[in-house]
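The letters A, B, C and D name the chains in turn, as written, and every chain counts its residues from 1.
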Amino acid sequence: MNVAFLGLGAIGRPMARRVADAGFSLAVWNRTEARAREFAAATSARVATSPADAARGADIVITCLPNSPDVVALLDGDTGLLAGLRAGATLVDCTSGQPATSRQIADRLRDRGIDFVDAPVSGGVSGAETGALTVMVGGDDTVLERVRPVLAAFGQKIVHCGSVGTGDALKAVNNALLAVHIWSTAEGLALLLKEGVSPAVALDVINASSGRSNASMNLFPERVLTRAFPRTFRLALLDKDVGIAAGVASAQRVPSPILQLTAALWQLAHNSLGEAADHVEAVKVIEQWASLEIA
Amino acid sequence: MNVAFLGLGAIGRPMARRVADAGFSLAVWNRTEARAREFAAATSARVATSPADAARGADIVITCLPNSPDVVALLDGDTGLLAGLRAGATLVDCTSGQPATSRQIADRLRDRGIDFVDAPVSGGVSGAETGALTVMVGGDDTVLERVRPVLAAFGQKIVHCGSVGTGDALKAVNNALLAVHIWSTAEGLALLLKEGVSPAVALDVINASSGRSNASMNLFPERVLTRAFPRTFRLALLDKDVGIAAGVASAQRVPSPILQLTAALWQLAHNSLGEAADHVEAVKVIEQWASLEIA
Amino acid sequence: MNVAFLGLGAIGRPMARRVADAGFSLAVWNRTEARAREFAAATSARVATSPADAARGADIVITCLPNSPDVVALLDGDTGLLAGLRAGATLVDCTSGQPATSRQIADRLRDRGIDFVDAPVSGGVSGAETGALTVMVGGDDTVLERVRPVLAAFGQKIVHCGSVGTGDALKAVNNALLAVHIWSTAEGLALLLKEGVSPAVALDVINASSGRSNASMNLFPERVLTRAFPRTFRLALLDKDVGIAAGVASAQRVPSPILQLTAALWQLAHNSLGEAADHVEAVKVIEQWASLEIA
Amino acid sequence: MNVAFLGLGAIGRPMARRVADAGFSLAVWNRTEARAREFAAATSARVATSPADAARGADIVITCLPNSPDVVALLDGDTGLLAGLRAGATLVDCTSGQPATSRQIADRLRDRGIDFVDAPVSGGVSGAETGALTVMVGGDDTVLERVRPVLAAFGQKIVHCGSVGTGDALKAVNNALLAVHIWSTAEGLALLLKEGVSPAVALDVINASSGRSNASMNLFPERVLTRAFPRTFRLALLDKDVGIAAGVASAQRVPSPILQLTAALWQLAHNSLGEAADHVEAVKVIEQWASLEIA
């Protein structure tokens, strides 16, 4: 099976690497071509000169970009994906995207006999490197079965969520919950610090009790208490995900006061801390409001 | 060491049972006397006729009541705790209480040479039965060391949080985070259901991903998807705890939009669902708002 | 000048009446044709058989519908507006619409040489009847000047807000503020009632003080205290407007915690109270939460 | 009638001046004695050396301080109010205070045969200077009738709200609504600016429409658009008032998501902008979040 992979970012690169290592014939494309060349040098992959060139001859094209509009932007024009994709091919979009945009893309591709699934992933860079990602697939199950061997190169848990867009929706909700947990845990630790409870003691207790979450068990001990704040997942991207979840809630008329407020808070954190900040750095907003450091 | 235990509710009874089984000389008191008699019949405990009677001769008096005002209400009068407590004794309040009220109680007791620690617990009825509770202790560490042997009868993890009131504060924050997680997870699962993602699939993915929490891993699969909603911890009490956490945040001037909003939401859930509802039933409010069932 | 008016609802009808009375040659269309016939019987207006028929020969076509998608739905097909509108005509959309949709409509019309302005109104039915409406116009000022004589038939204050979509945006924000004021005033009066302050006394003071708003000065005395709740403006439509404002805030990355939370609250009020409820009835949600009546 | 006036701040001074001008025999006390001396030099008032000295011989003692705890702090000790107040006297507290604290003060005074009313005012410095204040009185109506002649010296509208504490509660709610209006109007104007609508145009329309409030009609045109931000009422004090209203809502179990969120937002504005900032400067927080200026 011929595979094309577009988007060799922090998570895309190790995913593509596992596809190559699994023995698929692979073409890669990246906006900054140097990254594609670097990737090809370490594998047998072909460097494509354009999205169209990558798609030409491919059975499966995988996109892994920051957001759905970036995928849409690759579709058209002489060098766009649609110029290269042939009927019978499948576009697998691993972007953490917008359900409505994914459905629009799927509609356009269907007219040309091209299948589409949205297939965002969770598990981070380390999960990508070890092939331990969770892949949330939205689309027809027959299409999923056809692309499953490629997804299995990087995904350990491959879940069929429903029709096109449901993978995006589930990814957005998972990340929105992460955002809620980070923010609320920071509020709680900040007030406890003011009462005289050290964050380390507080986390020790919470993580043995009913208030624990992935955020309290992993992110706060490893990244906040240590003040390390490694930049593994940009706050800007988590802001985007919370916004997607809040937007779907609004469109679906599910009254969601916590999600809507959280979306506003992450927007201000993003605006305040900038494009480069890691998602866990959002706690610095609360620290600044309360004039303290959770450490 | 002579111990008195006041408050044989859902969690107090198994705690008292473990104190008795550990060999301490035990007097018990309960507002509804029948529960105390029933308890005594199964142990060697003495049934006290009043709080004062329970406290008389006790080295350590343990209270385990719904809220701090209930503890205050036991202090005064001819039959109140203060009429029985002797200088040198210690009051251990396992109520999930209010930090400020605990500090007021401690101040009053100090004048009489009586020590006080707040020592709320987490771990639920099953944790109480197996002696696996986490105990959050606020007060002097010398006092904690003196009462530790009794706490060890029901507590596996005994944590010194800081001065009087810090145990209450930490318990309130832990429970407030639980409340945030239940509510936000329900919002997320509701919007996913509207998009066509089944709650079981959504939880399967979230619980393998970064959005997981104790609520998503245990409460939703066992109690919401099954529609079992066992009544193990009253919504009214969790509402109280969120309110304590939000009140401390406000008093400490830690701007906490998520906690404050969550406190308002749990108040309306409590007002809407009544006194008997279990805390997990709060999801029914969102289900009603969105005309769906998370199942 | 030949004018067509589509949408003879509660506010559209008196607006169209004033256009007729001002001497313009008028064709009217309404989904429920009986309303159009009734209107024509009282004026010299022609009843059009379809949107296309109404637009044929018109210099200015005015639409006044519940929401932007309703306008879009009238455009296409053999009997749609586009089949009747000629180059050089202008579509004036008085719907309280969505800025983005208005821009999409304007783009489509521009390709055919047809101008577009969004021109939502405020002032209610009585303002429409007396020609005292405020008209918020988004679009080119040369287009506004061309249509101003018709707008002047029902509008006393005609304001050029900016390019296409700005009239919609301003209308949405005005209404979102109304929604914030209704909700927050109800919260305040409810807590005062619990403290023993009668709503009438509270409003008397607030309306002489800094906390007053149009809601507190007019809606609460006339509609809430009296329990009259006349149905003049549907809650469903105000919910839609708050949602538009919140959506624009989100898209423009203006962190807006109050607007976002308010949008969630109005969604739940709309879901709870149904399609027929008047906007002021939203206070009943708070009354139910607090088990009281603001009267 | 002998009157004592304690607290010659921005609003207290013109109030006291009108009491003096109305012909009452007046003693004044101020923490910074120079202000009292300055006041006395321009009137016939006596400068008291302490709260006790001011209260001695007074029929009516008026306090006008930043917050209820400041009033409590004046009560005790050799030089405190209680050392000077005689049975039959009345304490009129014009502080914008806390209902619960006022009730505690009233209870203490009642034991000594001293009456108490809370009587916070609205109308600002100019209202105080012209005797046009609104006075919100909590307490027995017979007590109100007794002190009314003095209140009439500075108050045009004197309203009996209910029992002790209700004046405080109503003042807090009025100011909380002001805080909601300032914040939400700023959110709305910010998003409109991003859409291309000038704040002046937006306010012109809103102030002719249903979204208008005292904030939009007066504060924004005079203080925000002009960037004047005169310091007439400290943000710190409005933060305190919103907190009082939110605290009462919480204690009375009136679920109030908007008030609770607004309280958190004003806390962060206060923490961010400091003690000297005027209340209208809160809009700068939103301006900073959105990188714009509402002008």
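Criterion: a residue touches a chain if its C-beta (ideal position, glycine included) is under 8 Å from a C-beta of that chain, and two chains touch if they have at least 3 such contacts.
Please read these numbers as outputs of a predicted model, since none were measured by experiment.
Trainee: Looking only at C-beta pairs in contact, point me to the busier pair out of B-C and A-C.
Mentor: A-C
Trainee: Measuring centre to centre with C-alpha atoms, which chain is farthest from subunit C?
Mentor: Most remote chain from subunit C, centroid-wise, comes out as B.
Trainee: Please compute the C-alpha centroid of subunit B, do the same for subunit C, then give the distance between them in whole Å.
Mentor: Whole-Å distance between the two chain centres: 51.
Trainee: Counting only Cα atoms for the centres, state how far subunit A is from subunit C in Å.
Mentor: Those two chain centres are 39 Å apart.
Trainee: Touching at least two other chains at once: which residues of subunit A meet that condition?
Mentor: 253-257, 261, 265, 267-268, 271, 289-290
Trainee: Can you list the residues on subunit B that touch subunit C in the complex?
Mentor: 257, 261, 267-268, 271-272, 288-291
Trainee: Quick check on the complex: what are the subunit C residues that touch subunit D?
Mentor: 99, 122-124, 134, 136, 157, 159-163, 165-166, 169-170, 173-178, 180-181, 183-185, 187-192, 194-198, 201-202, 204-206, 208-216, 245, 248-249, 252-259, 261-262, 265, 286, 289-290
Trainee: What residues of subunit C sit close enough to touch subunit A in their complex?
Mentor: Subunit C residues touching subunit A: 243, 246-247, 250, 253-257, 260-261, 263-265, 267-268, 270-271.
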